[in-house]
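Order of writing sets the labels: A, B, C and D. Residues in every chain begin at 1.
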Amino acid sequence: MTGNEEKTIYMDHHATTPALPEVVEAMLPYFTRNFGNPASSTHEFGRVACEAVDEARGRIAALIGANPAEIVFTSGATESNNLAVRGIAEENRRRGNHIVTCAIEHHAILDTCERLEEKGFRVTRLPVDRDGLVDPEAVKDAITPETILISIQFANGEIGTIQPIEAIGKIANRRGVAFHCDAVQAVGRVKVDVRKCGIDLMSISAHKMYGPKGIGALFLRAGIPITPQITGGGQEGDIRSGTLNVPAIVGFGKACEIARREEGKEAARQGRLRDRLRRGLEAGIEAAALSGHPERRLPNNLNFRFRWVDGEAIVQGVKGIALSTGSACSTGEKQASYVIRALGVPEEEARGSVRFGLGRDNTEEEIDLVIEQVERAVRRLREMSPLP
Amino acid sequence: MTGNEEKTIYMDHHATTPALPEVVEAMLPYFTRNFGNPASSTHEFGRVACEAVDEARGRIAALIGANPAEIVFTSGATESNNLAVRGIAEENRRRGNHIVTCAIEHHAILDTCERLEEKGFRVTRLPVDRDGLVDPEAVKDAITPETILISIQFANGEIGTIQPIEAIGKIANRRGVAFHCDAVQAVGRVKVDVRKCGIDLMSISAHKMYGPKGIGALFLRAGIPITPQITGGGQEGDIRSGTLNVPAIVGFGKACEIARREEGKEAARQGRLRDRLRRGLEAGIEAAALSGHPERRLPNNLNFRFRWVDGEAIVQGVKGIALSTGSACSTGEKQASYVIRALGVPEEEARGSVRFGLGRDNTEEEIDLVIEQVERAVRRLREMSPLP
Amino acid sequence: MTRPFHLSDYNKKVLDHYENPRNVGRVADADAEAMAGNPDGDRMRLTLRIRQGVIEAAKFQTFGCVAAIASSSMVTELLRGRTLDDALRLTNRDVVEALGGLPDVKLECSVIAEKAIRAALADYRKR
Amino acid sequence: MTRPFHLSDYNKKVLDHYENPRNVGRVADADAEAMAGNPDGDRMRLTLRIRQGVIEAAKFQTFGCVAAIASSSMVTELLRGRTLDDALRLTNRDVVEALGGLPDVKLECSVIAEKAIRAALADYRKR
């Protein structure tokens, strides 16, 4: 960053988060002094690396209520989602060919399901209600004898809606269908317990929770068979080959330890800031509608539709604040977000969406500045708009 | 590391290398200050990250004679190898089902080929001669109208043998078969030019060349269609989805820049040390045979078979020196290395293999210490051995 | 791999027309008025005052992205002082050129300006 | 995921028997001698001096990994002073136990010690 951008307020924490200084510090020795390959079985460098990985694995498992042996390291949640969906599909091909998911999953689920359709799988994409909720009854009704996988996210990264995961887990467990949950946006923000939720597979990503980029995990409940998608050296119990990314794993472990240590405290603080932001925006800007569930949502998420103006035009107009107008992954697309449209919002209205993703570094003063800036930008653009 | 292990001489640079201080320094800002997601199209954090990735991509491309647009980032060479083999196989399934590779490829190639055999592909694993060389004529003879991929490594990570890649590339190009090369152990150590070698796809990994773990690349020549194996957000031109690992990419770029800057200098230095080690071992220990080609080998590799003793017993006996007795990836296996056996070496003899992988940090004094230590350990074990 | 679009890819001129749009609003007692639309939902209202076959004033209102707003602003500048024949010859490429270029993925967003000209002049002829 | 084997998984006692193997060599004028082998190529020569049905001395030579060497060393210790009947009852599990355990993947390497006893005693009976 150069010059005046230094003061930019970052409010896009669903796209990515900075690694905490404590996390980076924990990682550092593993780049240079303790740089060994955990697969090196014949010397100290390997042993030290192996032990660091074990410790981190324990910390990650502890945060989500899993056993360390149930954690498979991946390069991130995109890979975790692919491993879960492709791996379960390939493994159970002979048992059935049907997958149940929902309309507002991350692209890593939806696109991967599309690829599987080309290979003969059948995919049911459940709709969500206007708040973004999946109906557990609809999940139940969608299950057929051919169903081999249910994949429903814990919380949505655009609109923050938290799904009724426990209810869905119960249904999946009762019917004996593997239940995968993309919990990328939830872990570290709300309490996630794989046992309590009946989750069989779960994707997480360090860079969404103040850990480093390039490392994620798939929780894989003991006894769930899966077909590996990256084969070779046999690391991770032969489920995911490749030299382990030791520094990143150590950083991931540290981030999980911090998340667990602080439990709900930081989430509560962000929740209060979030409420302040919501009140401020609603008071200052008319025709501003909240997307996502009014209560069942991530403590750090708001997503507003400002009518008669375009989201890109808003975020360009808001100076010194990093905001997003859709999913971090849908760059260069001209359409409004598929998530907002899935709520039944008309295209034109959906285009006025702005996502506010709060984080540990945001303060009350920043919230007030954001309210002021967004209000100003929306007002200016509305003066320019031919609508309504 | 604790206590006296600090002085351990690391001579296992094929397993992994430490990240250079310059590399770590280049990475650091991208964990915290410049932590943006390159896919964030609406603010400075995203732009800064994107530009850093572009710069690194350019540096990696420059080292191997590619265009930046031909570099696809992956989590490492295991993934690159999987993407190349699975991606080309899936893409060309209708054109043919035959793959040509060789007996001493990395597990990421061999195991992946086995998985493809289960799916109906046919794999020819060419033998190597007693020096570990693949015969280009054998490659030519193996090609059938069904052949869709030839995958031959640039250099072997155990025995250091460098394959006649240019000759193989010419054959592949002339026959119009996609040519993949696993160049993990070669890039940064010997000159590798994808155009000169007629390479269509090439795997590289940062942690084998003084960059960070968890980042690799697949060189994919412009115009070569491939089926993505990890789908989602559409990063990397839709060929490899997932949030880009910005700090690691920056570190990878820096490592490539350093490798290019130093060109053959460091390799020549290591080559001299390697020759000193070879002379020392051969002079001091009888019945010690070199595995791999006597000349066509990596400048930093030696692999000796010490007869009548076991490799594990040797490396355990050599104090304060980190050595390996096989591939870094074949841990806990009781058999002798498949690479050494592929040279036609009997099992019993192969078991006495020790790999010496030199690196930037090794010195002449260390070499002399290694000679002394290995000599001592082998002598002691031979006194204990019932052989010959 | 090719780099995806980023807001910072907009050039200075485009951003200037977005920040300081020229001729926003509606011409009083307009001789021509039309609303044009893009399939992605952009909307542009163009109003013109025409005297003796020459466009004396042009104003716009636009719902759309930065590129759509900048294109709208620029086209009102390009239209002023032009004969109707001349105006009809203006294309979105002229607008893009006058803006000093638009990012590839945003080229389509300039089309609305061309559509608005045609629609407004059609309205003029109908009156 | 379970952790792969690492050399440092060997316990102190095992490493002591590897570093300072007891009874290396061949008993002079041995009453029993045999070479045993494992499928992975390990080889162990065991020589015994036997007086009045009791093993007075046992020595070994072994080609094999750390575990094979330590097991060989340990078994020579366990054999000394035992009656032949007693010696025949020794199993590789006794050797492993006496060593304080071996890593899972290395358990098989102790079997050579048991095989060597049986082979040596068979040789004794044949003489």
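Just so we're on the same page, a residue touches a chain if its C-beta (ideal position, glycine included) is under 8 Å from a C-beta of that chain, and two chains touch if they have at least 3 such contacts.
Bear in mind the structure is a predicted one, so any value in this text is a computation, not a measurement.
The chain pair B-D and the chain pair B-C differ in C-beta contact count, and the higher one is B-D.
For this pair, subunit A with subunit C, the centres built from the Cα atoms lie 40 Å apart. A straight line joining the Cα centres of subunit A and subunit D is 56 Å long.
Residue positions of subunit A touching 2 or more other chains: 39, 41-44, 46, 235, 312, 315-316, 331-332.
Multi-chain contact residues of subunit C, defined as those touching 2 or more other chains: 4-7.
Under the stated contact rule, the graph of chain-to-chain touches falls outside the line, ring, star and complete shapes. Two chains count as a pair here when they touch; such pairs are A-B, A-C, A-D, B-C, B-D.
On the subunit B side of its complex with subunit D, the touching residues are 308-310, 312-313, 315-317, 331-332, 334-336, 347-348, 351, 383-387. If you check the complex, the residues on subunit C that touch subunit B are 1-8. Residue ranges on subunit D touching subunit B, taken from their complex, read 4-7, 10, 15, 18, 21, 24, 35, 40-45, 61-66, 68-69, 105, 108-109.
Taken together, the subunit A residues at the contact with subunit B in this complex read 1, 5, 8, 10, 12, 15-19, 21, 23-24, 27-28, 31-37, 39-46, 48, 74-79, 81-82, 106-109, 111-112, 114-115, 205, 207, 212-215, 229-235, 241-248, 312, 315-316, 321-325, 328-332.
Considering their complex, residues 39, 41-44, 46-47, 50, 54, 57, 69, 71-72, 235-237, 239 of subunit A touch subunit D.
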